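In the part that follows, the structures are each spelled out as structure tokens.
Shared chain: subunit A. Partners: subunit B in the first complex, subunit C in the second.
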Partner chain A sequence: MSTTAVQPVADERLANIGLGARLLRRPEVGSLLGALVICVFFWVTTDSFGTLSGIANWTDVASTLGIMSVAVALLMIGGEFDLSAGVMTGTTGLLMGLLTTEWGLSMWPAIVLTFVFAAGIGFLNGIMVIKTKLPSFIVTLATFFVLQGINLGVTKAITGTVRVAGLGDVPGYDSASKLFSSTLWAPHNFRISVIWWIAIAALATWVLSRTRPGNWIFAVGGDPNAARNVGVPVARVKIALFMTTSICAALVGIIVALRLSSVQAGQGVGEEFTYIIAAVVGGCLLTGGYGSAIGASFGALIVGMAFIGISFSGWNTDWRFLFLGVILLLAVLVNNLVRHRAEGARR
Partner chain B sequence: MTATDGQSPLLEVRGVSKYFGNVIALKDISLAVKAGEVTCVLGDNGAGKSSFIKILSGVHGHDEGELLVEGETVRFKSPREARERGIATVFQDLATVPLMSVWRNFFLGSEPTVGKGPLRRIDVKFAQETMREEMRKMGIDVRDPDQPVGTLSGGERQAVSIARAVYFGAKVLILDEPTSALGVKQSGVVLRYVVQARERGLGVIFITHNPHHAYPVGDRFVILNRGRLLGDWRRGEITRDHLVTQMSGGAELDQLTHELESQLEAT
Partner chain C sequence: MRQLRYALLAVLMVLGLAAFAAACGGDDDGDDASSEGAPTTKDDVDLTQGQDVTIAMVTHGDGGSFWAVAKKGAEDGAKQMGVTLKYSESNNDPQKQAQMIDAAVTDKVDGLAVSAPNPDAIRDSVKKAVDAGIPVITLNSGAEDFADMGAMTHVGQTETIAGEGAGAKFKEAGAKKLLCVIHEQSNIGLNQRCDGAKTGFGGEVENLQVKGTDDISTTLTEIQSKLQSDNSIDAVLALNPDIAVAARDAVKGAGSSAKLATFDLSGDVVQAIQDGEIEFAVDQQQYLQGYLPVVFLTLNKTNANTVGGGQPVLTGPGFVTKDNAETVAQLAKDGTR
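Then we have the complex of A and B:
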């Protein structure tokens, strides 16, 4: 029927896609290499970094960071930021603490309520960003300060101090801490949060690469108009991502609270940028539409290894901020190159 | 494959008007799109082309007149509804996500899945193979389905959108200025896709402000001017020069255009 059908023409410009080019297209490659370099460096230069107890140490730091940076990476791929992610780990921990120590709930109902509350905050963040069409940077900055104020104000008003303590005496503490804050493999004591981190990273990777919602996350971050035109529910996807981030913050808040059996009112403040740095180091573009959960996990691993490596080396731990700044800058430069290759090659 | 007369058109508008407040965007437009025909809608900026597409594709409702799909009066509430009735719109440069791979773009919003419940996942193999097959029908050999759409040329990106619309059962294909952002060679490629879509029995509405692109592929030419229908010709009833003249609103402007073009070519 078709007289004008064009014969497929082999395009010589597409011909050779070697393994190298394929690898470089993956967003997490840079962070994997970075993680290897840092790992080898501290392994060689310090005594305890490479021991099992040392590994337990830096995977512990990386785990709570990693849970959050995976969630933040999903949100960033979806084209949004959440600056309230750090303070939310404090808010949720405090809420669980107050529910149990002040208002007499036992641990498990308090944990359920805390997750529900976190989902609600995430929903609010999402709906405000969608309705106002303001940058999520601004909207969640507001949430950040509101929550920071509430954390301090409410905690002081109720307990008279800046911490909620005594979670260890609450019924259900033992079973809850088994799930959220126990350790494995004595005497090295790997944290169970590492398992949570790996599970969440695996789940996020599965969702991103193999499910419809994953496809939609890339689309709403890459080009919301195009996504809308082909019937992707843009608002719903974005709101769900904000809720995921807040729920993960609640998980981390609960893990930290149960681990210490107390919560500081200032918990988590400032951490939000570390999450974003880990995600960016892992290959997420600040402009959205590109990145991976595995990359964000490597990013968290780099930060965790550096923090512990710096203290094992006997250096002043204040240097870690300099380190964060430098790797962020490097990562952004590398990501820009990757983006130009992927997006603008033949414009 | 040309539709016989007497068969009801795939898409028809009768005396359609659209007002935005006191602005008359469209007044009394009538047009019928038949299977296997390319209808070119021409007009300068502000002629009402965009409002017209938006009514056809379900973005806006119309204020007066009738919209008929295969002889049945309809009123679209959303673009999705129009799509379900087989009317697919390919918006210029708003149709694909550059950083996503070709196959992900092809199936975006309608991903094929296998498995149930929490194990429900995209059927990647099927998606990749189908995409390659559909693109091959358009004359493009996509060797690497994971290639980001952004690395394709402008014409190829339009081809992805068109192939996608055809695959998902479009009967009427609305192309919004598909050639306006493209170079000469790429425009030629897209025009070939337009003809191909017609050969496959689709009704094509080709919106453009370039009569030189419309003339070689159109079966029917409609010119919009200031929201009104300025003229409606079948192929053979109008010469290319006359079309250009009508379009630009006078022989004077036409001459100016050619003068400028030859000057530009000389430099």
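Then we have the complex of A and C:
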């Protein structure tokens, strides 16, 4: 691959680059290779990993993670972080649960209100980051803590316990769970959340690569000042990205709540870093301006495969995080190696 | 050249991971796998399948000192029964626990033991196991729901009764205001213990939510500032041994004279009981909660036995006080109490 010789031409931007190098230069290729390595590893070392039911297991884990990773990847390409993304999945699930079980709404109106509420929180995050010019890392960390406190405080004050239960008896549960938390392909039971994940990843990829807002996202993450100077509505783009992240969190919150027919007050806390990790493994730069939605999906897939693969292997769980850490490091290394080589070919 | 070194590093890591995984994966095939330095071949896996009984245990545990003892019980049980154990913990995440149970069902294990702190969340997954003909036993949490979920029996203590016992003991000791320290946000069982303690205590009980076992220093500060801000508190009930040790330091740090008791044991807690720093510990003997389900499930598989007669098998509450602490001390050091 590195042998792909570049012909000396007048303008290097017009250079004829080989297909291989062009492919390797895509941000998601590294995570794809990482995913393949881990997939082959567990496929060979365990019995169940490669069966259809096994695949259903790890795509299940990857799906809710993947939906969030795609949203977080968009936000990171736009140059911002959202640390409240994890706890938002709990907040939105709890809100839907309380609206239905405590205040007597039926499922669908509650779902609509939950999405509206999530969009509002995302808007608040965005406007605070824009107005204060503080790092989004700090602003959303504050949102994270505020929401975590509200989740526990409100849940306990209203229900007297630390979870909202009984969603299964709410009118509209059956139709809502058909859309958000049912399973497909009977004996193997693939989760419908996998379809949501693929749809959202495809939509995000289309937006990023084929539309004007997609260009804007790369521009505001790469250099906000330059973007503003060429007429990109930087504030609007960033606020929209925060809202997208929150709305995706609501989707995941609803999916999980309907699946478990209950929501715990601690739901989602700590997951925000997994989303960021998946996005970074998938080729997003922490500095913004570079990355891909498909890559983030592969990142989520890696985490999901490692999670279920370790379960199938029966490895001593004391070591679980060591394995996860090594696997993630491995994925990032493969990613880096591939990109280095691809960029080396360019020069 | 740098690229070459990168590639070499990546390859080494794959090999290292494979060897390590194989070594940890099973005692029987560890040697030849690590000498090959490559992933275990298909034959190794097939050889161990079929002649073994495999039991999966999926708990909401957090790897803390409480669950380490339960896990040791399960491992000892598996060793003595000659079966393979696949133990996994979800760290209080019900979605992950459901997914781990799904994985165990896919893996076609011969028996499944699960803790059920949030029965709704894992009901569907447990049902899948029952439908697939896998016998299920609940452990630790889930005494009220095991039958409903289709489990053979439950191995644990009922939280409310244990809480009542602890509250009554404080009342005997003449305490007036009790602080109940809750260390996991979403574990219903902890709230049930505090509610039980309230019933048994009769006096004023206040619950305090703290950070938890993964951040002991913050937890310590939280308890200490609570004691400093309200010096009418003359009794503290911790619900976990790690939290109890933090609470002991917090009581000292706050200069409070509050009496301290805890749920569950660790080496440190037993030492503190011997030293008179902790009054008593409510012992649910979680070693049994790991050990017994493995034994029951193995017997169910090999000898078609069912245990419990539709009732839970109680492993507690027992009380560890200064009188019996010494006996327990040695056992706690070995990690079985």
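Some notes on this structure:
What we mean here is this: the second predicted complex is superposed on the first by the 302 of 347 C-alpha atoms of A that agree within 3 Å, B and C clash if a C-alpha of one lies under 4 Å from a C-alpha of the other, contacts with A are read in each partner's own complex, and residues count from 1 in each chain.
As a working rule, a contact is a pair of C-beta atoms (placed from the backbone, for glycine too) under 8 Å apart; a residue touches a chain by one contact, two chains touch by 3 or more.
Treat the numbers as computed from the prediction; the structure is a model and nothing was measured.
Of the two partner chains, neither subunit B nor subunit C is touched by A:112. In the superposed model, A:308 makes contact with subunit C only, not with subunit B. Of the two partner chains placed by superposition, only subunit B is touched by A:229; subunit C is not.
By the touch criterion defined above, A:316 reaches subunit C but does not reach subunit B. Contacts of A:134 after superposition: neither subunit B nor subunit C is touched. Applying the stated contact rule after C-alpha superposition, one finds that A:290 touches subunit B and leaves subunit C untouched.
Among subunit B and subunit C, the chain that touches a larger number of residues in subunit A is C. In the overlay built on the shared chain, the residue A:33 is in contact with neither subunit B nor subunit C.
Once the two complexes are laid over each other on the shared chain, residue contacts for A:184 go to neither subunit B nor subunit C. In the superposition on chain A, subunit A positions 2, 344 are in contact with subunit B in one complex as well as with subunit C in the other. Per the touch definition, subunit A reaches subunit C in the complex via residues 2, 37, 41, 44-48, 51, 53-54, 56-57, 60-61, 64, 152, 161-163, 165-166, 168, 189, 256, 259-262, 264-267, 269, 307-308, 310-320, 323, 326-327, 329-330, 333-334, 336-337, 340-341, 344. In the complex of the two chains, the subunit A residues touching subunit B come out as 1-11, 14-15, 17, 22, 25, 206, 210-212, 214-216, 218-219, 222-223, 225-227, 229-232, 285, 289-290, 339, 342-347.
On subunit C, the positions that touch subunit A within their shared complex are 2-3, 6-7, 9-10, 13-14, 17-18, 21-22, 24-26, 39-42, 45, 49, 54, 63, 71, 84-89, 92, 94-96, 98-100, 102-108, 118, 120-124, 128, 184-188, 191, 209. Contact residues on subunit B toward subunit A in their complex (touch as defined above): 1, 79-80, 83, 89, 91, 94-100, 104, 107-111, 113, 120-122, 124, 136-144, 146-148, 150-154, 192, 195-196, 199-201.
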